[in-house]
Each structure stands twice: as structure tokens, then as C-alpha cells.
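Sharing a structure here in C-alpha cells format.
We call the chains A, B, C, D and E, going by the order they appear; numbering starts again at 1 in every chain.
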Amino acid sequence: GGDEEPAEAGGGGELTTVTLASSPLGHLAPIYIAQDRGIFAKHGLKVEVDTETSDLTSVPSVLAGKVDFATGDLTTLIVARSKGLDVKAVVPASASTGKAGADYGALVVSGKSGITSPKQLDGKTVAVNILTNIAAAAAREAIRADGGDPESVKLVEIPFPQVPAAISEGRVDGAWVVEPFLSAAKAQGAVPVGWGFTDLAEDLTVSAWYTSGAFAKQKPQVASAFRDAVREAYAYAREHEDEIRAKIPTFTEITPEVAGRITLTGWRDEVSRQAAEKLVGYAQRDGLITTAPDLDELILS
Amino acid sequence: MRAGGPLARGAAGAGLALGLPAALLALWWVASAGSTNIFLPPLRVIVEAFGRVWLSGTFADDVVPSLWRLGASYGAALVVGVVAGYAIGRWPVARALTSPLLAYFRVLPAPVMIPVLLVAVGIGDATKLIVIGLGALWPILLNTADGVRAVDEVQLETAAAFRLPVWTRHRLTLRAATPQIFAGARQALGISIIVMVVSEMLMSTDGLGFTVTQFQRSFAIPEMWSGVLLIGALGFALAKLFELVERRALRWHRGHTGREEPS
Amino acid sequence: MSRYRHGLGLAGLLGAAVAYELVVRALFSPLHVPPLTAIAPEAVRLLGEARFWTATGRTLLAAVVGLAIALAAGVVLGFAIGSVPGLLRVTSSTLDFLRPVPSIVLIPVLILVLDVKEITVLLVAVSCFWIVLFQVLYGVREVDQVAVDTARSFRLGRLARIVHVTWPTVLPYLGTALRLIVSVALALALTGGLVMGTAGLGEMIWSSQESGEVTGMYALVLLTGGIGVAVDLLARLAERRLLHWHVATRREVAA
Amino acid sequence: MTAELLRIEKLGKSYRSRERQVDALTGIDLAVREGEFVSVVGPSGCGKTTLLKIVAGLVPATAGEVVLGGRRVTEPPADLAVVFQEYGRSLFAWKTVRQNVELPLRHHVGRAERRALVADALDAVGLGAAAGAYPWQLSGGMQQRVAIARAIAYRPKLLLMDEPFSAVDAQTRGDLEDLLAQLWHRYAMTVLFVTHDIDEAVYLSQRVVVLGTGTTGVQAQIPIDLPAERDQLGTRSSAHFGELRAQVYARVRRTPRPSTPELLERVAP
Amino acid sequence: MTAELLRIEKLGKSYRSRERQVDALTGIDLAVREGEFVSVVGPSGCGKTTLLKIVAGLVPATAGEVVLGGRRVTEPPADLAVVFQEYGRSLFAWKTVRQNVELPLRHHVGRAERRALVADALDAVGLGAAAGAYPWQLSGGMQQRVAIARAIAYRPKLLLMDEPFSAVDAQTRGDLEDLLAQLWHRYAMTVLFVTHDIDEAVYLSQRVVVLGTGTTGVQAQIPIDLPAERDQLGTRSSAHFGELRAQVYARVRRTPRPSTPELLERVAP
């Protein structure tokens, strides 16, 4: 981890090394680009990305100080916080584009099913990647927003990569899916019927870079330097979408052709407090948590 | 030497069997009592969670489906493993033909097979049954094959000389191989419980593995640990059941190898 | 004979390949389960990539290290528990209790003290350890009392009896265990990559999955299985050398 | 004179392994008539067991052939019973004595008759009371008698016995010899009998075959023209018995012994 | 007269299992002097093997005690060698003949001497050429001779042999008997020798112990006062040999036979 105080932004001197843990997914593209373009160095940081991680290991790793920052979806962070785990969201890692119909995650059904709106999934089987995270919340909310009853829907866990096959083989009636599988599913005849991310909140933060409360307290400059650098990276990304699309195939197995076609995640500067509040409400209603966490503790101010 | 009735001996046996676990649990209790690490809660908290979680409806909702999956696939693995293992052990040609092929499939981990099975058989119990069954299959199959290969030739010659019907001869060969078949079945028992839990982590809506995973993902750490305890207890109970069957079936083997203790 | 045997093995593999091709073409969309004709070129392409070999090297290293630990620990403990009277009865309930605990559940706890590479090795080691241990415990029961009596009458000590009597008797059981754990070790080294992102073949497979590269993923699976086949071949050769005196081997050599 | 049942021609067997090659049998010629009682004697390691196993169709010969009742033997022929030299290993450890004896009868005779046959056979070998025991609960001699009981309960046409009385005491041995002679008479069996006891061979058989080691083949075939009815005391003390015995002894003594390394085995280069 | 080496007192052994209880030995009293050669004869199943195993400290007695050189036997005593009745199972299938014979010597003698001892022992039993073979490549008699070679190469103080010559031919048997007698003389061993061959017992020993079945204990102890130097032809044809033999025979004949069910075993209620 970073063991030295960062130099003032832009100043010369030693760079503070921070380690980031994230699976090699699309949301890393701005980070890599920022690294290439010296944006982190400008903020006195040197980042090391550790892709040897997973949902199973990232929270304990961050809390134990083995890595400084990791990505986690907001619902997971809320649940962790409410169980007393000292996690602190720093800056969004991926966000909804905020445009229903053009988001990077959607509720899809088979084109042959005759289903045209989420509420028709009442009483049917719907796949989400994990039952306790934001995907489940998004799927439920898409149905609820359409006037359906999410309680009557049977949610099962199917990893995103298997969703296109599960939909087109008719193994499930609907599925929550994100890019690049949303494109793949559509190419195989699936149609999006709901856009749960926008139903959840207007400016939804889907996942965030988070650190431990201890780290944020001991090295506030590093945390904010990291946040500033990422924000700068996002600003660059918003202007240079093509570079992002070109970057993705270099660290994932996604082909350039697919990378050029998929919907990219939105890049936002703030972890949306309003969205977080809504997610807390959903999590309470869906029985994931019993006590609401203090959002001031959860989100780095 | 032979003091005490069967009751006393039973008690002594139970003491021997439960002594070490009790000591270890006590050690855990003491060592963890002051733990503040959220991932390693005190055993006291875990035990509380155990009561809360498992001594309620969850037990029936989760343990029963798990047990049924376990039983069905273990049974199927037993049948398939013994039959296929017998064929492979008995006929060198069968062994030569299938050996690389089986080696190929043995290497594939469950997470690789599940996507294929998802497409092929869907998200119902069938996929889980197949995954558990495959996990349990290999130890049974390999042990059966090797056990059959190692059957004493004088026994085979005796059966052949008396021209015993083919099926009787197969049965005798299989019976002679039972000590190693039991070794395989015992291995498979442990493995199938693990694979049951792992397979329930995906595409599931109930079961022990599912529930433990949910606890884990929602950071309900004491509850998760209580699930681990339950899995251990389940394994223990099934192992004892297994031993009961084995003791009966392999008494001759204990006698034959000179291990039959006076009773 | 040996060539004939390998020829048969090859025929088995080819038969399975043909069966796979037919079934897949008949029943599945190539987008979900690609036919072998699509997988094979991709596999060949992967073979030419340094990335693949690095990943293979990492996975094999984790598998081998874990396997070695398991073998050593399993054999030592197995022989200790199996040959010291009473020890089995004292430990068996604890073993039965610990045996079914899936180490995968404990990953979040393990990550506090180990890194993912070490956890992967640990996963491999623990799973293989149990197999070796139980196989040894069962193997020890095969020891013939007359052989033991012979050794005892010549006052061979406990250690000498283990070396000269128990060990050779258990060896065939260990042979079975070896073939089991070789595949378990590989499978778990892969699983480490799949569930924790440990660099290696498993992570490559995961990455292909996450990127929707179905054909690439199947090509990796095909190659992984190939490693299994190669290792199995080695195991069988080793068996012929080490167990040439055993009924099973000598019957087949004679045949 | 009855018809020929068994013809062994130019029979050879060599065991090959990576390090050794042993010519266990070479150029064995032998014919046995139906209902004949032939004993085979010869030094330890000369191939008696191998010969019996080839006749039983359990081991393939590497040269020559065995013809039984006009048919070339390639697998165990019907109505054959074998008492193996390794009697202990030939009993099924998970079956009781009774079940072991019963096993070959299961598919031939009805339940009631089977029970009677088994009980008779066990009584005949003096193991009536041990019927419920498992083989590993018995002494060596008792195990051997179980194997004998199994063979005689089966009432085979051709009975092959490989040193069947080696582990029983002298008196039991005598009883069993008489039992065998009786059964042979009564059921018109053909018996091929391997023994190391020359007296026993002479006492029981109609012909004694002396086998030489390895490459030397059949050394002699001595017809035993003692009267059909024999008894332990009378026959054994008769002068003619003594002559025949001496004759066999002499032949056996002239047989090259396998203790000479060159004869024991010819290790392949 | 030399000192007493072995004293067996009121020895009893019953095998118990769920279904049966067999009193293999009851009230056995026996004393053996140092350097003595004692043979034990008795009907099959009378407990000879059990007795030997108890003396060897391999099987615990259920009554009485065995004292060897002043020490109660609870585990195998030093300088003991046993030739087991189940010679096949007592050889290690994974070791060659040479390695089998060598094994007990490993911690006692140096490499060179060991080689010589092993080679001598194998030559003595006529298996010099089979040293590199594995036990399962040998005939029954050859296996038995390997077990004998192993015991004699060890040069034990106390040698227990359980029907050691049962599987070898008459001539080899004679040679091995003489070999044993020679070794016994030369190395002042004490030998406890179980056999079914009464001639052999008389020919070899200084005393023959006749064992009865189960509850009947030791039936007779017949001192064999033949001259120390014996030879196959001379001794066996001597009149005194004949007398002694007849004496033993008579005692054996009077021994209750185990074929009578009541005596064979007393099945527990």
C-alpha cells in the first residue's frame, strides 16, 4: 500500500504507490488510460492494478489493508456497511448512463417469448448474476416500476456469460444482463424490455472504488488524490470514447469488433447519495439488511 | 481386560471418538473468545447464530433439498462408478480405450462444466445432480477399477475352473474388490458433500451451499461459520452411517487380513 | 502391446471427439456450444501464444506444489494414523467432521492472511490431502497379517515394518490416489483462477467467459483436458515401473 | 479298455518376463483314459502345477496342445473340478465354509439336494461342525479340506488335484485317500493327481507319471497293477506295493533335480 | 543337561467371534531345554499353529503363560525365526527372493557378509538361480524353500517351523531335513518343529510332543533316543527308529480326532 504521504498534486518528488484490485473488466479502461497518460503521476500516485481478485476476496483484502482500493457494487457495499464492515466508497467505478433504452445493463427476454414488458414476467423465472447485489435490485425494480410484483418472480443465479445461452435456449424467461453480454444476447434474439438501472435511480452509481475507513482516515490525501485522478480520467474518457473502446480488448478477451459495438458504462464523478439512499430502501425491503447504514460513513465526502 | 459390559465399552468408544473434537472445540472457544476480527467471530457468536439460523425453518428448507441432491447423485455415482469401474478393471481393452478419455474429463472443474450443462440440461436440479455425481464418480470408478484389477488370480481361476455362470463370476470378482470399492465410496462421500455445496453456489435458490453463500455474500459471517459447522456435522453423521454399512460388509476382510477384533 | 494400448486410447479420444461433434451439431447452437471444428483451430492458435504457456505454467506450478504438499502430508499422517493402534479411533471423528468442509467457503477468511496464489495452492493441497489420507488409511487395512507377523517375528521395528511391509501394500492404493489427485489438483488450480482470479489457465477461462468468447473458452478447456491426458499417461508409466510386482500390473503385462 | 479322455501333445510352456524366461514345461506327451487315476510326481518346480492349470484351461500353453474328449482345451472344460495347491487363496473369504462348498453346485442341483451334498462332503472331510465358519477362522489343514470338499461335492468327471493332502495330518490323510479312492470308484471320475508322496501316488493310482524338470519332459510312466480294491494296511504292506514303490523311487531319483541352477531355469540373455 | 529355555504353563487360547467360540488350546504344559529339537504332531486343527504363534509372541494367549529364557513372552523375542505354514503369504511379493531372504539380516550383519549368508542359504535350498525372481514367479515348493532360506540365513537361537516341508518333493525334503539337522548341530539352535509326517518328527527330533485337540492338551511326550548323528538311510531303517515311530503312531492314533464335531469346536450358545 501507499506508505508515504503524497506530494502535492502535480509536484515532483516520490510517487505514492496505491494498489487497486479489480477483475479485468471494462471499467478498468479509464484507469489504464489514465496511467498511460500520466494522470495518476500528476496526482502523485503510481497505481498497480491487481487483477487477481474476485467478489469473494476484495472486501476482506481491502479491510485487511492488502490492497488500497477495490471495486464493488453499491448494494454490496451497503450490505457490508450495515453489517459493520468499515468500507468507504470513494468514486464511482461504473454508473448507469441514465438513458433508458441506451444503458449498459438491461432486463432481457427471448424475442420469441412474446413478452414485451417487465410486468409480464410475474410468476416467471428471471436470472440475475448474484442474488444479493445490485443486479437483483435492478431486476426487481424494473418489474416493480412497470407495475409487476417482484415477489412473485423466481430469481435464480446465472452468471452473466451464460445469460445469452440461457435466454435463447429458453432455460429462463428473463434475465438481468450487462455488456458485453447484453449485445451478445441481443444478437442472439433477446430483446431488452426493462432498464432497471434507470428505474433504481436517476444517476445510479452501479459500482464504486472503495477503500477501508482506516485507510481513508490515515491517508486522506491519498484517497482524495486517487479520487481526483479518477475524476480526471473520467473527464478524459467522456471526450475520448474511441480510446476507451480501443483499450478494452487489450486487457480483456473482448474482441475489438465487440468493443466497438457495446454500450459503455457512464462515468460519473460522485457516488450518488440519492441513489444510495434508494438502494438502502430496496435492500431493506428485499430483506438483505435490517438496519440502514450511515451513508455519511459509507461515502467518502 | 474384558471388564465392563457392552454399555461401558460403548461409552469408552464414544469418549474416544468425541474426545478430540470436544477438545478442539473448547480450544476454538477460548482462542476466539476475544476476537474482534469480523471474519473470525468468537465461537460463542457462531453458536448463537447456529441456533438462530438452523434450528428454525431454514433447516427443512435448505438441508432437505441438499440431502436429496446428495443422496440421489451419490447413489447414481455409486452405480455408474461401480459398473464402469468394473468394466474398466476387468477388461484391459476397456481400460486402454477409455483411460485417456476419462483422464480428460477428470480434469474439468465444476465451474467449467456448469455453463455447458446449463445449456444442455437447464437450471433445474438436474445440473446440480450431474455435477455432484461427476465429482463423486471418479474416486469410485478408479478405485473399483483398480480393486478389480488387483483381485487374486487364484480366486479368478477357481471361479473359471468350476465354470461358474458368467454373472456369478462377475459378482465374485466384484465382491473380492469390495475393500477398495469401499475406499472409493468413502472418498466420494466427502467429495460429494463439498461438490454439493459448491454446486449450490450457482443457479440455486435453496440448499445448504446456497444459504451459506448468501450469508457469505451478505457478510453475515457468524451465520456463514454456523453453516460450515453444519456441513461438518452432516459429513460426520454420514460418515458414521457409512461406517456402519462398511463394518457389516467388510467383516470378512477384517478377518481375512487378521484385523477382526474380538467382540 | 504398449503401442496397441496407446492406439486404443487414441481411438477412444477420437470416438469421443466424433460423438461430441455430432451431438453438438445436432442439438446446440454454435454460439453456445461450439463444435470441435471451431474449437480446434482456436486451440492451435492459443498454442502459439506465449500468454497461454505462461498461464499453463502458473497453473501447473500451483497444482504441482499443492499436490506435493498434499502427498507428503497425506502419506505421513495416513501412515501415522493408520499404523499406530488407537490413533484412528481418536482422530476419526475429527477427520470426518473436517473432511466435508469446502475450503472455497473459507476463502474470505483465508484472504486475510494469504494471497490468492497461496490460497490456490492451499485449495489444491487441502483437497488432495484428504484423498491421499483416506486412500492411505484404507490401503493400510490391506496389510496381510501373515506378512506383518513375519516382519514382527524378525523384530523389524515399527518404522522398518512401515517401509518394508505397509508401504508396498499401500502403494497400489496410492497409485489410485495419485491419478485422482492429479486431476483434482489441476481442477482446483483452475478453480482458483475461476473464483478468485488467480493468474493462470483458470483465469484465462474466466476471462474468456466474461468477454463472451465462447470458442476461446472451449479451446482452453480442450487444452486443459489435454494436460490431464498427458499426466495420466505419465501416471500409467510410473505404475508399470513402481508396481510391476502387483497382481494388477503383472496380469496386464502378461496379457 | 476305455476310450482316451485326455491327450497332451508336445506341450510346452515358458513364462516370460522382462528379466527372466523360465521354460516350465517342454515336450510333454501324455494320454489319460476315461476313468483312469493318474498321479504325477516330480521335483519341486518341475511344472506339475503348470501342467494341471493348462489341462484345466486356465493357463494357455506356449507350445503343443491339450485335447480333452476330442476338443482342444482353450477354456475350462465342463464337469471339471480343481483342488489348487494354494488352497487358502482359492477359498472365498467372504463366504462361509458351507457357501464355499455350495457355490459350484448352485446352478446344477436343486436346493435340497445341494444341502445334502454339501453336508455329506463336509462330513466326509471331518468339517461338519465348521460349516458356518469363515475360511480365515480355520487352520491350514481345515482350509485344505474345505477345498477338497468343494471339489468332491461337485462330482466332476475330471478331477485335478494339486497336492491336496499336503497340510493334513497322517491319519486324516489316510482317511481322505480312501475317501477319494471310493469316490473315484463310485462316480467313475478321471483323476489327475499331483503329489510329493510317492507312497500315496502308488497307493491311489493306476499309473504314476514321473515328470522331469523343464526341458526334460516326461521321465517315466509306471503302471500300477495293484488290485482295484486297496486298503491302507493291506495294500501298503504288500510286497508288490513295495516293488512298485521302489520302482517309482528309482525313477524319481534318476530324474535331474532342479536344484542344479542350469536346470532350474534358463535365464534369457 | 542344558538349561530350560522355554516353559509353557497352562496355556489356553480361545478364538471368539460373534457366532463361534473355538477353544484352540487348553491347559498346555511344555518345557523345552536350550538347544533341544522338539517336534509337535497332532491332528489337523488341534492348535499347533496357534501354539507356535503364541510362543513367537505374535498372538496373545487367553490363559496361562509362555516364559522364554526367564522372560514372559508378550512380543516376539530376539533371535527368533519362524517359518509360517502360509509360506506364500509370508513372502513379500514386492521383493525378489534375494531381498526377501536379506530383509531380516539388514540390521544385524554387514553388506558383504549378508550377501554371502543369503547366497549360501539360497544355494542350500536349491534356489541359487532363482535369487532374482519374485515370489509369485515361483512354484509352491520353491516359495516354501525361500521361507526356509530366510529363516536359516538369520541364524536364530530359537527356530519355529510350521510344516516347513509340506510342499516339497520327497527327495528335496530329505535334503532339507538333513540341512536342518546340520544347522541345528552347528549353531546350537533350539527348534520347535510342527509336522504331519511322523517319520520326519522322529528322524529329526530329540522329543516328539503329541498334541490333542482343543481341551485335551498334550497327549504324550516321547523322547527320541536315537544317536545324535543320523542319516536318511541308516537311521530310518534302524530297528529302534521303527520302534519309536510305532510308539508315536500309537499315541497319535489314540488321540481324539477333531473330525468328531463335539471335539472340533464348542460353539458358544
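The rule is short, and it goes like this: a contact is a pair of C-beta atoms (placed from the backbone, for glycine too) under 8 Å apart; a residue touches a chain by one contact, two chains touch by 3 or more.
Quantities reported herein were computed from a predicted structural model and do not represent experimental measurements.
Engineer: Where the centre means the average of the CA atoms, what chain is farthest from chain E?
Structural biologist: Using the mean of the C-alpha atoms as each chain's centre, the farthest one from chain E is A.
Engineer: Once you count every C-beta pair in contact for both, which comes out on top, B-C or B-D?
Structural biologist: Counting C-beta pairs in contact for B-C and B-D gives the edge to B-C.
Engineer: Please compute the C-alpha centroid of chain D, do the same for chain E, then give the distance between them in whole Å.
Structural biologist: Once rounded, the distance between the two centres reads 26 Å.
Engineer: Rounded to a whole Å, what is the gap between the Cα centroids of chain C and chain D?
Structural biologist: Spacing between the chain centres: roughly 48 Å.
Engineer: Provide the C-alpha centroid distance between chain A and chain E, rounded to the nearest whole angstrom.
Structural biologist: So the centre of chain A lies 83 Å away from the centre of chain E.
Engineer: Could you grab the centroid distance between chain A and chain B? Build each centroid from C-alpha atoms only and quote it in angstrom.
Structural biologist: 39
Engineer: Residues touching two or more other chains, restricted to chain D: which are they?
Structural biologist: Residues 17, 86, 89, 137 of chain D touch two or more partner chains.
Engineer: Scan chain B for residues touching two or more other chains and write them down.
Structural biologist: Only 39, 115, 119, 152, 216, 253, 255, 258 qualify.
Engineer: Two-or-more-chain contact residues of chain A, please, as numbers and ranges.
Structural biologist: Where chain A meets two or more other chains at a single residue, that happens at 56, 59-60, 159, 161, 165, 169.
Engineer: Which part of chain B faces chain D closely enough to touch in the complex?
Structural biologist: 152, 154-155, 157-158, 160-165, 168, 172, 175-176, 178, 252-253, 255-256, 258
Engineer: Residue numbers of chain D touching chain E in their complex, please.
Structural biologist: 15, 17, 19-20, 22, 41-45, 47-49, 85-86, 88-89, 125-130, 132-133, 137-142, 145, 163, 166-173, 175, 196-198, 252-253, 257-259, 261-262, 264-265, 267
Engineer: Would you pull the chain A residues touching chain B in the complex into a rising list?
Structural biologist: Touching chain B from chain A are residues 55-56, 59-60, 63, 76, 79-80, 83-85, 125, 127, 130-133, 154-159, 161-162, 165-166, 169, 171-172, 288-289.
Engineer: Report the residues of chain C in contact with chain B in the complex, numbered from low to high.
Structural biologist: Against chain B, chain C makes touches at 4-6, 8-13, 16, 27-28, 32-33, 86, 89-94, 96-102, 104-106, 108-109, 112, 127, 130-131, 134-135, 138-139, 141-146, 148-149, 172-173, 175-176, 179-180, 183, 186-188, 190-191, 194-195, 202, 205, 209, 221, 224-229, 231-233, 236, 246-248, 251-252, 255.
Engineer: Which bits of chain D are touching chain B when the two form their complex?
Structural biologist: Residue list for chain D touching chain B: 53, 56-58, 75-78, 80-82, 84, 86, 89-90, 92-94, 103-104, 106-107, 134-137, 154.
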